[in-house]
Amino acid sequence: MINKVSFKSTVKNFKAVFLDSYGVLKNHQGLISGVQESIEFIRDQGIALRVLTNDASRSQQQQVEVFEKLGLKGLKEEEIVTSGMLARQFLELKIRTGKIAYLGTENSASYILKFGLEAVPVADIDLENSRDISAFVFLDDEGFDWNRDINKTVNFLRRNNLPIIVANSDKYYPISNNDVAVAIGGISRLVESVLNQKFIRFGKPDSQMFMYAYDELNNSGHYEKGDILMVGDTLHTDILGGNKFGLKTLLVLSGNTRAQNVESKINSSGIIPDFIADSILE
Amino acid sequence: MINKVSFKSTVKNFKAVFLDSYGVLKNHQGLISGVQESIEFIRDQGIALRVLTNDASRSQQQQVEVFEKLGLKGLKEEEIVTSGMLARQFLELKIRTGKIAYLGTENSASYILKFGLEAVPVADIDLENSRDISAFVFLDDEGFDWNRDINKTVNFLRRNNLPIIVANSDKYYPISNNDVAVAIGGISRLVESVLNQKFIRFGKPDSQMFMYAYDELNNSGHYEKGDILMVGDTLHTDILGGNKFGLKTLLVLSGNTRAQNVESKINSSGIIPDFIADSILE
Amino acid sequence: MINKVSFKSTVKNFKAVFLDSYGVLKNHQGLISGVQESIEFIRDQGIALRVLTNDASRSQQQQVEVFEKLGLKGLKEEEIVTSGMLARQFLELKIRTGKIAYLGTENSASYILKFGLEAVPVADIDLENSRDISAFVFLDDEGFDWNRDINKTVNFLRRNNLPIIVANSDKYYPISNNDVAVAIGGISRLVESVLNQKFIRFGKPDSQMFMYAYDELNNSGHYEKGDILMVGDTLHTDILGGNKFGLKTLLVLSGNTRAQNVESKINSSGIIPDFIADSILE
Amino acid sequence: MINKVSFKSTVKNFKAVFLDSYGVLKNHQGLISGVQESIEFIRDQGIALRVLTNDASRSQQQQVEVFEKLGLKGLKEEEIVTSGMLARQFLELKIRTGKIAYLGTENSASYILKFGLEAVPVADIDLENSRDISAFVFLDDEGFDWNRDINKTVNFLRRNNLPIIVANSDKYYPISNNDVAVAIGGISRLVESVLNQKFIRFGKPDSQMFMYAYDELNNSGHYEKGDILMVGDTLHTDILGGNKFGLKTLLVLSGNTRAQNVESKINSSGIIPDFIADSILE
């Protein structure tokens, strides 16, 4: 079994750190107590940081605001990397004309699509007259009537052959100590199953998320992969993705993975972090 | 390529026929014109018939009533075999005490659970006090709020370890010439994906559906598997299931599988009917 | 958690018992010590027994001989039910002409195909002249060169559209306390993955295996499903299949599922036996 | 339907082109006639080129030599990007000590592992004494006895929890106009299925392959994603991967995807190239 380490003494050996959000910085109760101090420790050491989160519901600015409301001060917009930013980049590069249909909130759509194309919520699509729609995005689990709009999505996609992307590949997210909510990545899998297709998914563990953060980081200095520590609470997203991209990985036990089952989860998944720590507090 | 045959001259060689409902007897517009005459032809030949349908929303009696409203007269209750009947049998044999929670309409629950146990719709479960619930059933796609009750189902099943069954394994069903609706079998796959579990599913192509119909048929005479022709419009349910159970199978082109793509569908799936006919009309 | 019971005091309440072979009667070292006495206890109580095993390598007679060599006396041929018998029944009912190609040993082929059709090992197929072959069977993991014959199987099946069946759906089987061997069910999944098809699989947990044993049992008396106890060491085959068929199920801890992880395996799989016992010895 | 274009008039609008190898430059008969002229056309236009191939059996130098033997002159080592190079990078970054066990040829191992660690073919592993092995690599389908070494791999990986990587994710590769051979990516899926794990896979369609080529390309100039055209014959690898990475994509009909089924393949997969051309010849 991998021995536990201290986060602070481990992160010192790196020039940059990528931090997952839920389970590392915050949990269902709010900010994890003591995280502000750890972030300041990182900054004091001159270590660059980025927060990598599978989320397409908010802009970088809104993410920073949410952290501030929770009590975490001083995060900068450019330190936030979301799966929604990858979706936006894809749409900017690949979709030049037409409207973009989506499942999600109007806020998520206005952020993802702010580069100019018109967004149409599924509820407003006219199935008989939808040729002007050039892509479909699964954005967020909120903002629509599941009974009506999931069925409408299925039928729209059966009739139209166009690029379909999922802006957050997570199946679910925690909403309390016990409970979760189905995320848009889970809803997209239902539609995939009915259509017998696979859509383009963005978010950890996919390498593209790490590459995006890595490229962006290198705009403000020179970093090799070996200079970066990925920190997360989930083996299948944070650790798997970090490992594959070639980063050193540190699993914290303050979120999805708990001390009592970390060993069996590592053994059954075959996903092995380089380090394990209780949290980023020590 | 398999040559097309006449249904009537083929069915003559069998002592019994199993008929799928949608695509064989009816379609989105109602009863397929001429089906009444074909059913009478079958009866005149002394051939026993059963209708096998993946559906848990209605009782046998209600199924007969729906056919009568569409204009098909003379079907008997005992000639209807639904996947809901298998779910009911499972619950009768395996669940002796407690309440049974479900997703679906009250009508579907009252039918499936009429043997005595109390049914609780997911909306009425108290997550903090649910120890008296001894099984969970995915019954029907209607009768509940998807946003609220799918999430509640996920959290109920995360907290409780109990038998979970799916009373209709179909992912979707046709509602018009172009469009479909997600069936409860599709919704159950979303929950399976979030929980990373596989539930117990009833319905074609599973052998148990054919076995149920076969056993029931043999209560009214002596039939070998070789005496029975399975007729359906869908390769992955009717034909695959019939083949595996050891029946001769006839694919009709009056439903899901169309003349223009039947050959490519057979080749890509590897599911090969013994016979192909345009419909059961000739 | 389900409390442990005594097998003997539990089985007394049933008219018949279905026993898995590996992990219940024998293990990698041979017969489980004391099993002879348990079998005699079952017979003394007037309880009918059947051994249900996913295996297509040996006939019923050969299975009895193997048990006798291990030291278990008195099993009768008709008490053995193998997945190979289901494959044979399928071929008898569905394939009337032509040759049957197979992966496996000559012994397995001679047993499965003894009803008359000619068997051709994959190694002997002429890819350029194979129109007389009317079905393909995955029989056994032994008896062929994997490098050469798996590739040849892939290419034969790419060129020919015919019924493909898997006579033992298990992915692997134990060969020692630590080690396993890939079974023909595992090899069939490799070919399925390359061809992007699903073949027809026989064996537990599929209902058809239980139905076959149930029908056969009822040739020698009258048994309802509620009269039968299924005993096995594996949740995903014995217990899942028994539960779905409507039998009461008893998990023994003398094989694949061990006392130290039974609870976590039940929780993560959602497959719940009615009873748990250490073994069939007490 | 997307109209067909001329490759040459399309590629003119880009600063760089990524070319798949099989189906674009060569086929089972050797070099596609006329390809030399197209490569020269690309160079004459001042367009940078890279060849992206899922292959871990040969070094860049050996790849260039093979092309030269086939008759394609002038490719440079640095223009070749293989999935094996990604596997090598992963091992260099993540595995610092110990030996690396592998399935494949000695040549593939010597190339992938040339940075220093000792390579051990599976055949030479001592299962009872293997603690000095720190990673496992699926390299190539040749160079080992499948019956013996696939089983040994399964048992080695059941006993040891270590990073497992697949250096070529393809399931199969063409060996003639009709026939294919199972690739190491296919064999790795068999082992995944037995172990119930997912390994780390390298190769198209994964973004990491495109990122590697993109980063490397940018060492010799400045290229945005919008400056690059990805050309391939396979929707699920070349086109899906290129689309997701944000490149414009061109499907050629000189390999896996043929003119007669291109439309149905695009519709059923939902993978839509930006352009379609018969080949790169015109």
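Labels A, B, C and D are assigned to the chains in the order they are written; within every chain, residues are numbered from 1.
Here, a contact is a pair of C-beta atoms (placed from the backbone, for glycine too) under 8 Å apart; a residue touches a chain by one contact, two chains touch by 3 or more.
These numbers were taken from a predicted model, which means no experiment stands behind them.
**Q** With centres defined by CA atoms only, which chain is the most remote from subunit C?
**A** When every chain centre is compared against subunit C, the largest gap points to A.
**Q** Compare the two sides of the subunit C and subunit D interface and say whether they are made mostly of the same residue numbers, over half shared, or of different ones.
**A** Over half shared, hence same.
**Q** How many angstrom lie between the centres of subunit B and subunit C, each centre taken as the mean Cα position?
**A** Here subunit B and subunit C have centroids separated by 28 Å.
**Q** In whole angstrom, what separates the CA-based centres of subunit C and subunit D?
**A** 39
**Q** Distance between subunit A and subunit C based on Cα centroids, please, to the nearest Å.
**A** So the centroids are 44 Å from each other.
**Q** At which residue positions does subunit B touch at least two other chains?
**A** Touching at least two other chains: none.
**Q** Per the contact definition, I'd like the list of subunit A residues that touch subunit B in the complex.
**A** It comes out as residues 127, 145-147, 150-151, 154-155, 158-159, 171-172, 178-182, 186-187, 189-190, 193-194.
**Q** Applying the document's contact rule, which stretches of subunit D touch subunit A when the two form their complex?
**A** 89-90, 93-94, 161-164, 195-200, 206-208, 211, 225-226, 240, 243-248, 266-270, 272, 274
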